[in-house]
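Below: one structure in structure tokens.
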Amino acid sequence: MQRKALKLAVIGGGSSYTPELLEGLIKRYADMPVRELWLVDIEAGKDKLNIVGELARRMVAQAGVPMEVHLTLNRREAIAGADFVTTQLRVGLLAARRQDEHIPIAHDVIGQETTGPGGMLKALRTVPVILDICRDIEELAPDAWLLNFTNPAGIVTEAVHKHSRVKSVGLCNSPLAFTKMLAAEYGVAEKETLPEFVGINHLHWVTAAYVNGEDKLQELIARGASHTAANVKALDWDPDFLRALGAIPSYYLRYYYMRDQMLADMKSALAADGTRADIVGRVERELFELYRDPQLREKPRQLEQRGGAYYSEAAVRLMHALYTDRRDIQTLNVANDGMLDFLPADASIEVNCVVAAQGPMPLRPQRVPESIKGLLQAVKAYESLTVEAAVTGDRDVALLAMAAHPLVPSVAVAKALLHEMLDANRSYLPQFCGDIALETGANDR
Amino acid sequence: MQRKALKLAVIGGGSSYTPELLEGLIKRYADMPVRELWLVDIEAGKDKLNIVGELARRMVAQAGVPMEVHLTLNRREAIAGADFVTTQLRVGLLAARRQDEHIPIAHDVIGQETTGPGGMLKALRTVPVILDICRDIEELAPDAWLLNFTNPAGIVTEAVHKHSRVKSVGLCNSPLAFTKMLAAEYGVAEKETLPEFVGINHLHWVTAAYVNGEDKLQELIARGASHTAANVKALDWDPDFLRALGAIPSYYLRYYYMRDQMLADMKSALAADGTRADIVGRVERELFELYRDPQLREKPRQLEQRGGAYYSEAAVRLMHALYTDRRDIQTLNVANDGMLDFLPADASIEVNCVVAAQGPMPLRPQRVPESIKGLLQAVKAYESLTVEAAVTGDRDVALLAMAAHPLVPSVAVAKALLHEMLDANRSYLPQFCGDIALETGANDR
Amino acid sequence: MQRKALKLAVIGGGSSYTPELLEGLIKRYADMPVRELWLVDIEAGKDKLNIVGELARRMVAQAGVPMEVHLTLNRREAIAGADFVTTQLRVGLLAARRQDEHIPIAHDVIGQETTGPGGMLKALRTVPVILDICRDIEELAPDAWLLNFTNPAGIVTEAVHKHSRVKSVGLCNSPLAFTKMLAAEYGVAEKETLPEFVGINHLHWVTAAYVNGEDKLQELIARGASHTAANVKALDWDPDFLRALGAIPSYYLRYYYMRDQMLADMKSALAADGTRADIVGRVERELFELYRDPQLREKPRQLEQRGGAYYSEAAVRLMHALYTDRRDIQTLNVANDGMLDFLPADASIEVNCVVAAQGPMPLRPQRVPESIKGLLQAVKAYESLTVEAAVTGDRDVALLAMAAHPLVPSVAVAKALLHEMLDANRSYLPQFCGDIALETGANDR
Amino acid sequence: MQRKALKLAVIGGGSSYTPELLEGLIKRYADMPVRELWLVDIEAGKDKLNIVGELARRMVAQAGVPMEVHLTLNRREAIAGADFVTTQLRVGLLAARRQDEHIPIAHDVIGQETTGPGGMLKALRTVPVILDICRDIEELAPDAWLLNFTNPAGIVTEAVHKHSRVKSVGLCNSPLAFTKMLAAEYGVAEKETLPEFVGINHLHWVTAAYVNGEDKLQELIARGASHTAANVKALDWDPDFLRALGAIPSYYLRYYYMRDQMLADMKSALAADGTRADIVGRVERELFELYRDPQLREKPRQLEQRGGAYYSEAAVRLMHALYTDRRDIQTLNVANDGMLDFLPADASIEVNCVVAAQGPMPLRPQRVPESIKGLLQAVKAYESLTVEAAVTGDRDVALLAMAAHPLVPSVAVAKALLHEMLDANRSYLPQFCGDIALETGANDR
């Protein structure tokens, strides 16, 4: 069947990731012709947008595909009539991330971009901006798919499902990275593998790992096979624990299962190199130096060391499956609706889905270890309270959310952290600090 | 990847359907090499087995594939080491079906092979035989898949899930027939369609009908598009009712929604031509005449008029997906496990599944009309009681099952029907009538 | 503790039942001082209101309690500031009931006041009137309890819970009648018994029957002990069926379990004496003759033959427990909220409750026989659709409701019945027939 | 009605609590004649049994009731034919408790009798002994009620429900203490109050506090009203947090909500006075000095300072309600069965129940704050894993349980604690350390 050409709007288009996304779109152009690519950013990100935008145009020209690259600060223009909208924005830029990491550590609590108090503040800053984007989509592109890559992706996706009519999916690179590791481990193609993921964003467990129909999970556990990412310290799992668990935890689960060691490690890393925000800041500066080079006509290798590997591949794969009715299995953040009966129906969960033209259809996990349910429920309770706090700006609910987080050791610490972090973020939290104008959608994730 | 050659055991191999199955296996041989095909039957079906078996051998020779066709009365020999076991048996042969149809009609109740009192008695006869086969599989081929085509497929599948460790799936031709109708209606390939089925075997509703990602359901309802089968009278649906319902009912639902007309029609048909068993008996005699012809080397056209269209296609497609880890979407009978939260967790349901090497993974239906739940729950309650009655031989439970069936108008009629039908079937119901030896697995379905 | 004097508003106060209610209020006056009794009726019921009201005043004078009896056609005046509001109204009076009974029987379907098509039409007439009353209560007496005795009490109660904020409970006399039968059977006081009821209004089963802590259910079943009411023909239960069931069905369940016999009996009764509406009409005329007698100063004996025995006792007992924080166990219609997990959370159910000052708290039934769930679910599905139809006036939903009722044999019959009955009731169904003014709250139940 | 005289077996009868129980039984003798009281203990507790037993006999003589007090080391003799069996035993005596408290604190983890690692080890020691008692009851007194007061009462009750057919209830004094505080606060009788408890043993929240039908919860929160017990340090709740929560937490919840302060406090208390076990040891020695006095003929005042206030009152009240079919509301540990739909069906929960002769019937809580669910689910997950570990002796499951506890900061700490504590308890853990004979049922709780 003949399919129509596409319009894609990228909110936070000035991000250093954009060249990777470009590369993916160019590769799939024959199958999925993105005729109009709109890179949107805010005033504060204008320079980066221009640098990245020019590189994008050079890449398109080099590849010889008829893709138009539009650069704009006018979000509504970009969204109008779009088929897909992706978000890769960071409200408050790296400076805000830096605070999310530093303040908790000063209270002896994990300070991390998506996990713990840092993730909560990021959610409080981000949810209102994303819901604002949803209002535009509802008005200007009601049939568009919103593909959300903005962290904390689980909380953001849940907020969108609860407070908007936009068709949306949340996405993380980590399941794809595991799949690639599995395929490499057994020397097979990715499509010959089928790992089963159970959980929520950044808190999932692999509970089966099929390779050509045979479950290799026990073998992987025995081998100590694992995977991690640039942003999470790769401490080794206790082999007795993994065997008892009968599942492979997401690398983010180190913040829970190895809380003390991870915190100690964070503290010494902070003393040496600063936090992850500090490192990413340096990497980004180097990348934009490269992007400026008018001779550069393709994605530079160095981007692969940026972290967030496979994000763009995951994004393009999802768009492609929705566009072509591909019906392959992808691991996505979707509404629970009874799929995991021990979590609320309106929670977002991260599970395998079949992606058809009408959207992702979740597959029921075949096995959920009893021992993971308690932690999942506790973190999901924190997440749902955070959605409510982000939408209402109710400080009582925010306190309940912070105190409910398993990494926060007491109500007293929760209260101190909340007070200090709300204050540090006041320019980005109009719902809590009503006198402040909202700065939307900065570009670096 | 290199895959091993297969052994397939067909219980009730002397059935008139076997040539269709053969045709399918031969077509797919390159992809799915069934090296050993074992056709099993019982002493009473020996002649038919030989006729069908010889035709099968001629078909294989004609096609030039290296498939060995074994004919045997020794079920255990056929099952030992099999990769797939299929069942297409009829306990009590057409004579029992005839009673299932005639006795209820004499009490002014729908008399049908799978629906109502007839279906219940067929279940009581069949479940013990299938569970006996499961015992053999557990012992002799514990990794084999049991593909159950024997009606009432929903009840039989539920009995297997509840009372055996065998990996099993239940299968019906009706969803495939709908898919083909949908593709034909829109002039597209089957794989461009995706109808969504919600319900249980012979009691499902189509609640969405995607064609290249667009839902054509309302359009189909407005057009009065429908489909039916040789064994169910194609009375027209009330268009107001279908519009109110917002779903397309399985043709078997005519027995409920048009009970009075269907019963009236059955009575006049019975007076004219006898019941469906009588008609099938004539068709089968003609088919076996054809099969006997040593010049016949392929499936005869006339088989297509037999009813049960696409059964073999559905069967071969399922085997193929399991064998090749195909991950396409098929509509199957599987354990509910919370997929339809208004039915018991251990009930069998009929829904879309992704079929991977490790088995079918059900997809959560996206919408379940409120108005179909009551009938589904009522019939499922009857089904679960029937499973219990079939396994225990408890007449009290059998009475509760019969009285629970929505087509049975009162306890008094239930009691009369049960008494008369148990008596008529006593040679096939050792669990109720303990003094009788069990006759297993006759061949015609 | 000192409790305040009460104001009670009785909507449909001109009903022939009122003297029984009076008797109960007078008896409990010391414990529960109803200082103001407001009997409300509509213009069409003015004469009856006056007759009953005068009798009420004579009864109060005779008893020497300081209760003021107010008669009014102004509902808002009666409701303003009330502590309790009770409803005992019949929209369309006995003439409408007569149609509810006659029309279905002409189509070979059970014609009954609360069960089947008759009950559905009564619900369609009644729900809007009750919700109108709720609007008044929300405005004029937001802390009042609405005690709903108007049938079909389960549907009406569900409509109130779904579409109003009024605190309300539905009530039926039948559980109390069973309790009295049980106490009499064992020669003990009522409070020494504890029957357990599971189900919904007019469709419950007794699943335990404690007498001083010992469950006598099996014994009762073996004895054939049962109870019934003036309005339901007391055909004998099949003893084998009851034993298999392991529960005692409500007498209304005869319409389901003995559908054919009950229908046959209805037809011959209709030929002989007319339907129940005809009989009640004659009884009421006789009662009002008696009430007119200025010498009558107490409830006449003859009222006890009217049917609806113990209604007033049940009503007064409920008010008394709410008023005195009594915490005794009463069987009431309340929101399900997960108490019966096989029915929707927002359904009304009829179960044992502890009645404290803040309201009834349902007790989880200890055992629910599997064999009753299917019928309960099917009838509840009909009820929930009926609530929706009554509130929206959507004919499509009304057709789904009628077709969903287990006593309606086909969609064709459902459609014919619906058409004929909506037409016959058009003056009482403004939501379906928008051009018609609504006649509210007539007085005879 | 005439009720039969009773036999009561008290396992761990040599406990210092026994005189309080005696006092309660004597007071209620007229209503609930315990004719035979059997105090059972083990060889190691023989001396205490004799001291307490002699005091019991003097108390009975003084009161002039015809109660026979039997002292025995033969548990089976005591249980045979009993109507009630109560357990107030401590496996490993105070020495084991001392380890439960000391070892975790050395790892910077809360060390407490029922909460955290200490509670887990107490469960591992206690569950096998209680299940052993259940075996005796099943054989020798199948109709008896087992009233379990042995901590951790929630886990022990869940183990009994999962692994025995004995009718049993778990009991804690803390809800009764709250009720008394509430009545005192408002100057009303206990029966005029109705606090609503939601949760599990030692982890409940008060979500409503009715006084004569009016909910005083917000008022209590605003006043900072609270209650505590001798064994839990009464740190003040954060008023902002309580207001946000909208519920009053059990005093045991301080270990979670104030983890850091409670731990700090424990450490300094340990340095000063030792742990609670050390204190209780001193109190007990003093009590037994008093009990020895042949002039003592009633419960000494000093016992009230022992901690566990109202335990005996709660126990006698429960027995009395079961015996007299009283149907009052008591807060008990019972099987969940869907009452709290966010916890497993087979979990034990602590909620209000109506206590009738046939047993306690749970009342559905009217409101469950979202913010308490996550913690409840996490702790219940730990509890259910602990039951499994206690019954199977599987060290993998024990590790999962320990790591699942919200107060344990990492898998590494969980592993270290488990190793050290299993080793310290090896004489009481035959299921883990198979070579060791089981010491059963010591007497002091």
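Think of it as A, B, C and D in the order they're written, each chain with its own count starting at 1.
The working rule: a residue touches a chain if its C-beta (ideal position, glycine included) is under 8 Å from a C-beta of that chain, and two chains touch if they have at least 3 such contacts.
Remember, it's a predicted structure, so these values are computed and weren't measured experimentally.
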Exercise. Using CA atom averages as chain centres, what separation in Å is found between chain A and chain D?
Worked result: 46
For this session: Please report how many Å separate the Cα centroid of chain B from that of chain D, as a whole number.
Result: 56
Seminar exercise, completed: Touching two or more other chains in chain C are residues none
For this session: Have a look at which chains touch which and call the overall pattern line, ring, star, complete or other.
Result: ring
For this session: Go ahead and list every pair of chains that touch.
Result: A-B, A-D, B-C, C-D
Exercise. Within the complex, which stretch of chain C touches chain B?
Worked result: 238, 240-241, 243-245, 257-261, 342, 370-371, 373-375, 377-382, 384-385, 396-397, 399-400, 403-404, 406, 409-413, 415
Problem set entry | Complex contact set, residues of chain A against chain B | 1, 188, 192, 194, 208, 210, 212-215, 325, 327-329, 337-339, 341, 354, 356-358, 361-364, 366
